[in-house]
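Structures incoming, each one as structure tokens.
Okay, so subunit A shows up in both of these, paired with subunit B first and subunit C after.
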Partner chain A sequence: MHESLLIYRNMRYLKWSLALVAIACGLYIFHTPIEEPNGGTWLGYTLGTIAAGIMFWLSWYGARKRSYGGATGRLEDWASAHVYLGLALVFISTLHSGFQYGLNIHTLLYVLMMIVVISGVFGLYFYMRFPRLLAENRRGLTTDMMLNQIADLDRDLRKHALSLGDESAHIVLNAVQNTRIGGNISRQLSGKDVDCPTSAARRFVEQFEGGHDESTRRQLVTRLTKKEDLLGRVRKDIKLRCLLQIWLFVHVPFTFATLAALIAHVIVVFYYW
Partner chain B sequence: MADRLKVAIVGSGPAGLSASAHAASLRLPHVLLERTDHASDTIYKYQKGKFVMATPDILPLRSDLSFRAGKREKILDDWDEGLASCGGRIRYNADVTRIAKEGDTFHLTLAGGDTLKAENVVMAIGLQGNINKLRCDGAELPIVQYQLDDPNEYEAETIVVIGAGDAAIENAVALSKQNAVIIVNRRAEFARAKQGNLSLIHSAIDKGDIQCYYESSPLLVDASGITLETADGEAHVSCDRIIARLGASPPRKFVEACGIEFPSDDRAALPEVSPRYESNIPGLYIIGALGGYPLIKQAMNQGYEVIEYIAGNDIAPADEPLLVDKFAAMGEVNVNEVLQAIRKTIPVFASLNTLLLREAMLDSQVHDFKEGQTIFKRNDYSDTFFTIFVGQVGIQISAEDPSMVVTLREGEFFGEMGLISGRRRSATVVAATDCVVFETPRRTMLKLIQSVESVKRTLDKTSILRQIQTYLTPGVPAQDLEELVESAEIQNFKAGETIFEQGDIGNHMHLIRSGSCTVSMKIGGRDVVLSYVPSGNYIGEMALLSEMPRSATVRAAHNTETICLSGEAFSAVLNNNATVRDNIEAKFRERIKQNEQMEGRPEAGNVIQFLIEQGVGEGTDVLLINEALCIHCDNCEKACAETHDGLSRLDREAGPSFASIHVPTSCRHCEHPHCMSDCPPDAIHRAPDGEVFIDDSCIGCGNCESNCPYKVIQMASPPESKFDLFGWLLFGRGPGPGEEVAYEAEVKRNSRFNGSDSAQGGVIKKAVKCDMCKELVGGASCVRACPTGAAARVSPEEFMTLATLSR
Partner chain C sequence: MKVFAKYVTRKSRGGIAQRDDLFDCQAIRIGRGTSCEVELSDPRILLEQARITVRSGDIYIEALSGGSVAVNGTLVQTAKVVELDVLEIGPFQVIIEPRENDSDVTLSIELLNPLGDELDNIKANAVMNIGIVGTSKRMWSWTLFAVVITALLIWPMAVSLFTPPPAINLQSGITYDIEPMPTSVWTSGGISSAHKFFGESCEACHERPFVPVQDSSCTTCHQTIEHHADPIRFTSASFEDFTCQNCHKEHQGDESIARNDQGFCVDCHGSLRDKEPGSTLRNVSDFGTDHPDLYPSVVVNASLHSISRAVSMSSIPGPRESSGLSFPHADHLRDAGVRHPRLGIIQLDCRSCHVPDEGGVSMLPISFERHCHQCHKLTFDTQLPGREMLHEEPEELFQQISDIYDSAALRGGYTEPEAPPVIRRRPGTPLSEEDRRVARDWAEEKTGAILNGRFGRGQCEECHTIFNDAQVGVWIVEPVQITEQWFPKSVFDHASHSDVGCTTCHDVNNSTNSTDVLMPKIETCQACHGGEGASDRVPSTCITCHQFHNDDLGPMKATQEEAAATLHRGLTVIQPNSLPKLAEVIE
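Take a look at the complex of A and B:
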């Protein structure tokens, strides 16, 4: 019923990709070109054509993902095949290159492609691991529900702050007003805030001594601790969701760069035939 | 007797008005008596601007007055004008208090003492009755009102609403948007209201939008407010306005006082009338809602017809040509003769009166099947009911062997199992000879089952035998089951109700006929769910076979109907049928084994428990998201929106989760859909593949939205047309970026959305819900668009098994 894309359809696409890689490796081993192995032999052209075909097909995933309704079949088929064929591409294109690298457009293409594949592997790892972490962190709540709970706590804190002395009130109100969630990429990815005003307020209130109403202190500590816990969870939630997307900022632009380099590679090869 | 009228018509609703108009055009001396100072009081009291429908669409209107779907005001004006131009005589403020017949003359006494004499009386008083007023001092003060036209008329007032019914709740909630509202409930809870209104009022009270006085009743009303008697003593509430919605007393008492008999003491019972709408008192006719015809168009037709009958003309009812068309499949036939023949041949319909039978036939389809033609297939998801008028059909009772056929003859029925259980067809049915078969829709049948006792009885008797044969003792002939069927009793259980308890002595078993159950066991002081048992299965056989006390507790997962069978009779059947005994014992051993496995896996039981609590048990196709796979890309929602005019019918994130299974807010396509239960235009249907969908005839009343316990139906405005960049850039089509949609385009869009007959421009929000993308090949787009396999549509009986859950 629920099947991860790695084991989808009894790993049909893994099997196909393995077969493709095995055939390519077999041919490469038994192929004895006149000169050294090279993209220009019949095998080189064959592997190159296959690799280029796979690259275009893999890039088409972005369009397929967004063609709802009209398309037939399940997107998971595409995703599963995308993963395994993408990994197979590493082998095919390496064999196509005949292990010849240099400072040229051809190696640039290879490097760009490897960046895309490696970022994809990261993405795959994130996709396999983070959903469970996200669910565990949320414990049945949604992000909005957590934010609402924080807002409720803030309202209470504000009310309690009214009965405090100036300094304490300032620190508690600071926790209400200046606690930040999210922000720029690095803040999102860090998943925490070392200077979190809420934590500071909690520490401060915990050390209240004399002159304060004990029950108010307890109430404040309870709420601030609760808020701290929620903040921790929301920040972790944001971090994980950020990671689930951020690899795409490498994967997608480099895909287009790879396609451009691929076209250049093909033109150059035929121009200097 | 010069002052004796030919006919006195009591009540000026659609039926009475139409009768009066026709009496005027036939020049019969008549009078129309209306209690209030305006005609059609019920419709008059509809909310301002309410859109009134003209259903059933196929029925032609036969009246001297005009009537088309439209705004309340327009309809009322048309009728007033129409009546005046025909010369109809209406007398306002004429409250009839007594009707008595002396000889061949009716004497009508009005409040105030006036009397009238008439040869015939047409009673068209409807069911609304007299509105109940406050029974305390000050009930007539201007601060008190008994109806609410337009809640938006009032703002920044303090308003006390008295009552706990649907009307009170709807008024209170609508008023609370702009006013401070206090609702007064005589009881400790809101018990009488519809589910949707219940949740509305509870959430409004919880949020503090409405203040509620429970267990309180009005003591005294004065100009400044109201004094209540509460559980804690008297309380005075100052307010600007008091709205009392205390229901109405049904007109039954008055009707009975006129000598008219009711067939039963049931509160909903209506008096019986002849095909010519005549009651048990000759000359006294009953039409409209009181005669069982609550729809405006039907009532108006009856008004016309009853005057024709009184004038001595024998006219055919307005639906005659429709029935002639219906029966055309049988060749040239006389409608009345066919109806007679139907009653004679088909026992289920034998006791229907002519009006009900005509209506049932109008709703039904007449099929003329040729020998060998398939009527429906096993696992089809249709829910209609079939009766055989001519010929024979064969039921293929075995999925493997199509040659195992049970033959049904003229007068018998089939398809009732799908109707009762709300599940897929359990067998394929093929025409055994050329035959004529009536196919009656689910809604019509449910109405008949509810209102005509003998239909229910006939249906139950046969269906019990068939269900036992299908699910419990396949292959055992009917005569061997007589004793068992005799012992059978249909029992109903509400959600969560216990069917039997662990440790009880068991001397009967249950066959689940609709709904489903959970089996649970006390382990370490805690209830652990062992399995989910859908309809078509039996429970309680273990205690009978092992002769030990019940080994587990069985509860209804949601509203459930079982056939309760006596243990002795069942044992007798088993003793005479070795194969059946072997089968049941094999299943018995299988269950013991499964229970043992489940005891060791309490987490699987907890998942079942969780899903049952979310109402998944009554679904047939439920979207479940595996949180361990979901990457929160929302591609499912996007796909849903893309396939449904830009509006997603699915909210992925909303909804509860447990053990990494998330139940998003999305339609479950229930076995007995709650949304279907109260749809005035009958716009909600089940497609052959099981999808519950809403068709274009939706009128936007919102009943389904409030009846759905899972909040998966939304009321939506017509879709915005998509911005077409190239069309605008190259050809100037449509509004440019940021420009307003042109007025004409807007009107066109609305009329397309709202259907041709209501193209007056006003936007009506219509109900939208998941239809499982039934228009698309390949199934629901939410699941198809999920890249990681996190979204799956499952049927509960497949999902809630050990095999699936232990993976």
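Take a look at the complex of A and C:
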């Protein structure tokens, strides 16, 4: 799916977008208005109208992908066109601006739009790359299965901890009971826990000498190491899934901000004609 | 090999349920996958987690795909097992039973650790979904939408609607203290330098919402903007359908909003002869390569105030000026210098007479009193050393000279040897009737002699043209008219050319006749200036020398009454109202 998004229908929407950009660039080069090129010439108005149309259509993708029946066109068409027209929009709107920037709402609209497009490019990259990384990381397991395996290890650890001395038992039980997975955004995105009780317990047991028989110690080390490995994979799994979603927390709200700025931009341009 | 598998389930009320399976296989694969010989349906089990093989009667267990297998509580990778060994494969316990049913291997399989509390505990400590962290995308989206639309559209619009605009009118005074408005975030670009002082007040130009800026906004201040050409004679240059905004684009930054591109002018003036056959202007397309010769406006008859611009500087013979004055430049600028009555020999240069105005743009008018009189004293009689002929009022001259000699005759004391005794008498001596007659005759004769002699007419003739007026019977001085603007349709700034020597453009050293027109040829200008696209000259556009809105053509953006009046006046709008504008164009 993620590859076919870019090469979908023999890259039809890439070609359409390139054609659109090429026509716009050509017109821009040969257009010689009285003043510096800007959004207020006939070409400026034309490119602005096209850009505004594209922006509304791109925004509508959020609604389109939720409607499964009665919608026009296949969702794959929409997704592929969404990507390429979104990238074409950068060129169209830049030419519309005539490279004139300032501290005003028109440039703000441009900046907001660029944030949306750039976050979209990140999203596209994530969608192209992460499914493979996720699969490699999971090695055939689902997240729930990894959690189940961790639960099993915990059960074993708890059983073994019963025969340990007080201090060791406390540390191992702490690893069982207080190991946290995920958490707030930064913890999810970090993909690790530097204060992981499981790692602490493993280091403690590795250095632990005497007092208990060697085979119990080895069993504990083996299980704690295995749990650490599973925890690492689960945390990476969470990190990747978090990244797959978090760009949308930029992409979607800034799309709304862009639409608001676009409405203001159009009204203002004609309010002070 | 033959395998006998017993799946054991302990019931909650006690008792054991068992399902048996007997099958042949090469190796026993244990895992979640349906292809496994021993299928363990539990999410904690890998698809293939372990394999049991029998080699030479010995049973081996092997962990697959990184799965964990423990033998009697010890995690192993590969191990040899014997009867009654207990294998732990995930939550399952597999016991190598004593062989039954003639099998090679007998296994009992039991789920010891059903999914339970540990999993719940892990899940309680896990936050893995971004959606339950913080707020939702929808909330953020609508919040940002509301903030942007309120701060950038609704608020500025409300303030602008309820704030009366300051009055900006250069004619009635300037309002300087304009408060910044929130609508300034709407600006589409910097205000031009000239308009910056009221740039904060959008309503100064954008008077009504959703209505383009009207010309009346511009003419509030720019009341004197005049036509480009006579709108009645040259309809193609009337710009009737143009608004100010069509050419003057504001919000383009600090630059002037006056157009400066050559193409705009050349669009018409490149083929003006075809477009407006009635025009005397010649076609032009580029200053460096395609500009007509320079046609100075030359006084050709000072008495009739006739000015002609029919002859170009490049013509042979060139244009001749007839100003009514004789002034050979070369005589005054010669290397040997000229004699000053008080200072002796002095050297004159251009700036001795031609003084730039305070702005440095053009030269102040030459005046006899300031520039000539020091050397050219108008004394006429050695007996009257302090007396000079009147210069500025030639019509009074005859009366002045007559009065002077009448006075001398009456007073006496005029010591010229040739004069009669009565004239030379001691002043104050009473006169007889005969003396008076002699004195009056002498005064009359002397007046005529002076006026028509070397020191009267002769002295005037050094610089002026003199002719006899048959009606009055005396000679009169032709009126002098010196050209003040050689090229009235262009603007030349002497100050910006001050580093260039005067004679670079004005060939005065070889001028022995005052009829010489000492203006440069177009080639002189083109030596330094090229067209708009020139790469080896100063790029110069039409606006460098010419202006678009010309004088004396009537207001371009007139009120209806003004327009009607202009129309009524017709061609009178281009008639000159002062000299030396084109009083009479002699082709």
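In this section, the second predicted complex is superposed on the first by the 268 of 273 C-alpha atoms of A that agree within 3 Å, B and C clash if a C-alpha of one lies under 4 Å from a C-alpha of the other, contacts with A are read in each partner's own complex, and residues count from 1 in each chain.
Definition applied: a contact is a pair of C-beta atoms (placed from the backbone, for glycine too) under 8 Å apart; a residue touches a chain by one contact, two chains touch by 3 or more.
Quick caveat, the model's predicted, so the values are computed rather than measured.
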| item | value |
| --- | --- |
| First (subunit B), second (subunit C), both or neither touched by A:L75 | first |
| Contacts of A:L108 with subunit B and subunit C, given as first, second, both or neither | second |
| Which of subunit B and subunit C A:G140 touches, first, second, both or neither | both |
| Touching partner for A:C242 - first (subunit B), second (subunit C), both, neither | second |
| Dominant toucher of subunit A (residue count), subunit B or subunit C | C |
| Touched partner set for A:A19, first subunit B, second subunit C, both or neither | neither |
| Set of subunit A residues, in rising order, touched by both subunit B and subunit C | 140, 142-144, 241 |
| Subunit C contact footprint on subunit A (complex, rising order) | 32, 34-36, 38-40, 100, 102-106, 108, 112, 139-145, 147-152, 154-155, 158, 176-185, 187-188, 215, 219, 222-223, 226, 238, 241-242, 245-246, 248-249, 252-257, 259-261, 263-264, 267-273 |
| Subunit A-touching residues of subunit B, taken from the complex the two chains share | 624, 626-633, 635, 638-639, 642-643, 653-654, 656-658, 660, 662, 773, 776-778, 781, 783-790, 792, 794, 798-799, 804 |
| Of subunit C, residues touching subunit A in the complex | 42-44, 46-47, 65-66, 68, 73-75, 90-91, 113, 115-116, 118-119, 121-123, 125-128, 130-131, 133-134, 137, 140-149, 152-153, 157, 183-190, 202, 206, 209-213, 246-247, 249, 252-253, 259, 261, 263-264 |
| Contact footprint of subunit B on subunit A as seen in their complex | 1-5, 8, 65-66, 68-69, 71-76, 78-79, 127, 130-132, 134-135, 138, 140, 142-144, 241, 244 |
